[in-house]
């Protein structure tokens, strides 16, 4: 199936509550990730790579940073005369207010759906970091004759997010015959990443019906209740890199997992595009020492760094020692300070000689612009 | 489309740059990688944009494919415009036959129509082989203030080196009264940087006149400037201070690269008010491994570093494996230095592969005969086979396997 | 003064209430005007022509059509990596809610102001259609040493808009020494078009102060109350074409005034850019008859048209007679219908043989998608 | 930058179009205005974009300035892209000297490197002198389905005209077994439209082979296609139905223009699902005055019409003054027809001025000797002085005052 026939919808705000201070002033989609990206870069790049040319980004409040980041859409080649990138905030049309839930949000953007001339719609949230060839998903959907195909992976049940579907029984054709919502289990499950494809008219119909009945749960009222009426298939993406961000802890763990080469190779198999900021290369000073770390451009490293994720423009002074930490854009760690198991948001300043330490299971979070 | 535009810049990117040898075998000189994240042309282009000049003609007739591809629609330099923007200008066929660009002045002459579309007051002429940050808007202001016909940017060079440059003699108010190309006895130490501002009506007149002059080399330095001086036009020298380096030779290119990590050199690429833009490769962050030792170096995104790097510039997507040793070298994008390989005082071009235990170059102090010293250059996509030694000063051609 | 030093701010929503059904589902800025433009095209084009490279468009609700129209900013060459066009809707940052008044709106976008590196700010509404060389305004502002320079024109007092300033006394240097708000007079006055320039830090200071005092009238609390403290100058733009849209009636009259060549020559002295839609040329059939009308591309005219403003994609059937009317995009007047003094919004359909007639002082308005 | 791209289109825009006489004196044929709002090249470009082909190389060596300027960054066709987009490809100088494009095949040969950057499966070859709407994606699908090496679009022409075309003889499954250029006794009425789809690996092989063949004209029709047929490659004819017109002559260009207002012609430019994009002039709406009489005509934006217009195509920004009379004519952008002037069965090029009471052409029925009939053409910027009569078939050069 040609990606041109598929409309992409990205929900930029879903599950923000799970990330606490990281989403206090930004959408889930604009959370910084892996030294130089933001979470929305992954669904955007995957969609564009599969040939999708029109993408709507549904957002509620706090979308300034998202708007700044996706801008005109140029980094993803989505700055187009026809199709391209559409930001879909609330209050943009008379009937649209803040979206209360996913059904609301889709219903409020029904005009956008109707005015798009694609046949299919692919929906994705931003909290599953994965790099997968959606083209294969499209082909699987077309070949199976499914009404809806949902991408899932096998692994531990994500925590801290509401409304996680698990595919409990899948028949030999890939059709899901039994599913559960928010299953309590510590065993491996086959769970939904909330990335799904269906015909656009089907989504329009399902959402219009659910809205008219004042139903509020997309998962329960649209997916689960139609398990008999519709052929809902599972697409297994377990062989892709999948990181599910469902808490500060899983944000930290997923970030750190990219220090493994194998994970990087999977996630960056195809290039992930992002907004560039034209930094110079990172400069390492005479006494710097770097071990097992990922570093973006524009840093000046004069201290010691181990097991860290370092974003653009970070400065680490002489004698400073930073371990097991995530330092976001333009954060400065001044001379002789000691930092361990810390997540520092943008533009944090850790003063000379300060010592800060969390643990790997309880990283200390510093909010944007904090001076410590 | 072509609104009136006060200043149009014309960038002479045409030179084959034969002094850069294997590096310019397949790419035009301005497209040669520099400083880890850049190519030479990023400097004049970024200077233009930062100076508020958004209409730039890039003149080239030699190997434009990679340059065209690099410039693309101009987006990385914010030059993807409806009005103005970046235009690569190759020679074309008119009725009555076609002509390649004969000299720098002829290249501009052949593009008079392009310039006229914008009806500019001033034309800035730039070249594509210098690394420097310069506010051309200030130079245009200087030109206006002096009511000049031509303004030439000058740099004070050490007196003992002055005879290697085009030297301008000026009076107290910066007016030029003499121009001498590589004079034996220089009258001043003000060297032309090859950056000119012309009032367009004057330049046009001299271009046409020069084109009709039998035997002219159609060159700015050799013909246009002397002719204007002789005719008594108002010509001024605009003093420039700061980092400026010609990267027209292997040695100067190598040196200019290492300057970005030299704290004693006045070239600040981190200045947010004067960013140098470049087309990036959409790579992940670089990774520094558990056993790597990296000191005094610059490393760009997409690299995987497991070996040792000292006093070197490592461009994007370079792989340096465990136990490899890189010192005082410039590694261009995509090159691979395999296990145990040694790279000393070298330039390794794009996507070259140095196989295990090969050795490129030598540390000068360890050379038996220091006279033989020189920067070895490994051309793009070349492969240096396992255990092979490439001596200082040797050039390996692009794509060759040695 | 170089336009690069000036930040542009356009208020897209101001005075919408005056336009009734035309702004029911769109901002003032996206009201269609003169066959192929929208009101915001005029301030945008004027700003870009004067060298301004960064423009913020402040909008409240209903900004979907505005977003569609200005899109990536490409038609105005404002699709840039640095600077360019910024849409500033409410709810985009944590502290921003719906803007209650102009002071609110500026205060809510204070970050945008602060993060812009321009020295000056030029503010404009969308309801004054004019084509003027802002470069001259900048020069006048710089030369006079004024703190604030306000562009005004001489003519009848606009009606139906709140908060119109008049410059009652202007000294020989151009400084306004007396002004009134909403003066009741039928005589010619020198009134403000609400286009003004000042240093950015001055605007920041004035608005921050007014906001902290809970003041709500920009005109009264920021301009009038500072008449002694600040040098507030008037810039006379009476020689430009100025059309003030303060009611349906003035929308109609201003539109019709462009049937005069002299007015068109003034308004279109420099090209006004707009979003293109790639229509074919307008085709005139064998029995068509056109008199004194403005027509955009993409129409098919087979009937008789006189004194009309015809937008893109309008179809007028055989035997139809349309007079003194404004027909917006894709409106169809079917065969043998008679239309006089009508303003038909987008995509109106007037059926075969229908007769519709208003008067020049009471044009009949048909809302978008009406079927008559 | 250059991602893998399944289909790359190469548009041969190089022809000087000498049969269009004064119209192509200063502009390349594809940049000639057509149909009021368009230029010829808008058709193949819009077809590409509407077919989902976003990587287009435009090959030109003749007068590219206006074409370059018109294409700009490709934005009007949605071809301002980070990946792919529109690229104007002029000949360039490689080590060992430079060559102009010798023939259509050589033009593609010289740009093999450009094509290879995108690593395409298929290359679509187009020319810049036809008016038609065609879905190339369907043709590529046809090519794939047939597992073809080359697919040629064909149009059924009247048998009596077949000997004017390149004629393809096919068997029942559309496979081509013979190609004859302008055959005296055509074996079929399937004429080649000059639109080809090639599997890139095959085309590349034949381009290289052809380049090394002494004496080859390096032309698709004369060399590549016959050679491929001879070698037994799988070649298919893709049947096209619909409007298709070569606009390579004055008469056909005039006729094709008037076709847009001919209700009996199957050329729908208002189809929203297949828009023809063009660069517009940012003009106000057109104005029709109080005494104007306009019938059976097309009028574009920016015009001011006070006179009479019948069965004509009036492009943007044209002025037709009071009492002027225009019939069966094509008026290109910016031309001015002054008071009382008469323009019959003519083509008036861009910005030409017809002064008061001048007369261009004649209504055929009123000619004394109908043998002398022909479309007069007034070149761009030419001025026809007051009262002057330009006879049918006469060409007035660009910029001339007559």
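The first chain written gets the first letter, and so on, giving A, B, C and D; residue counts start at 1 in each chain.
As a working rule, a contact is a pair of C-beta atoms (placed from the backbone, for glycine too) under 8 Å apart; a residue touches a chain by one contact, two chains touch by 3 or more.
Model, not experiment: these values are computed from the prediction.
Peer 1: Which pair, C-D or A-D, has more C-beta contacts?
Peer 2: Most C-beta pairs in contact, of the two: C-D.
Peer 1: What's the farthest chain from chain C if centres are computed as the mean of the Cα atoms?
Peer 2: B
Peer 1: Rounded to the nearest whole Å, what is the centre-to-centre distance of chain C and chain D, using the mean of the C-alpha atoms as each centre?
Peer 2: Between these chains, centre-to-centre, one finds 40 Å.
Peer 1: When the C-alpha atoms of chain A and chain D are each averaged to a single point, how far apart are the two points in Å?
Peer 2: So the centroids are 47 Å from each other.
Peer 1: For chain C, jot down the residues that touch at least 2 other chains.
Peer 2: Within chain C, the residues that touch at least two other chains are 74, 79, 81.
Peer 1: Where in chain B do residues touch two or more of the other chains?
Peer 2: Where chain B meets two or more other chains at a single residue, that happens at 75-76, 80-82, 277.
Peer 1: Mind pulling up the chain B residues that touch chain C in the complex?
Peer 2: 52, 75-76, 78, 80-83, 277
Peer 1: Considering the complex alone, what residue numbers of chain D touch chain C?
Peer 2: Per the touch definition, chain D meets chain C at residues 35-37, 75-76, 260-261, 269-270, 275-278, 280-290, 292-301, 304, 313-315.
Peer 1: Could you pull out which chain B residues touch chain D in their complex?
Peer 2: Residues of chain B touching chain D: 1-2, 16, 25, 60-65, 68-70, 72-75, 80-82, 85, 87, 90-95, 98, 100, 113-114, 117, 279.
Peer 1: If we count contacts the way the header does, which residues on chain C are in touch with chain A in the complex?
Peer 2: 24-25, 60-64, 67, 72-74, 79, 81, 84, 86-87, 89-94, 98, 111
Peer 1: With touch defined as at the start, can you tell me which chain A residues reach chain D in the complex?
Peer 2: Touching chain D from chain A are residues 2, 4, 74-75, 77, 79-82.
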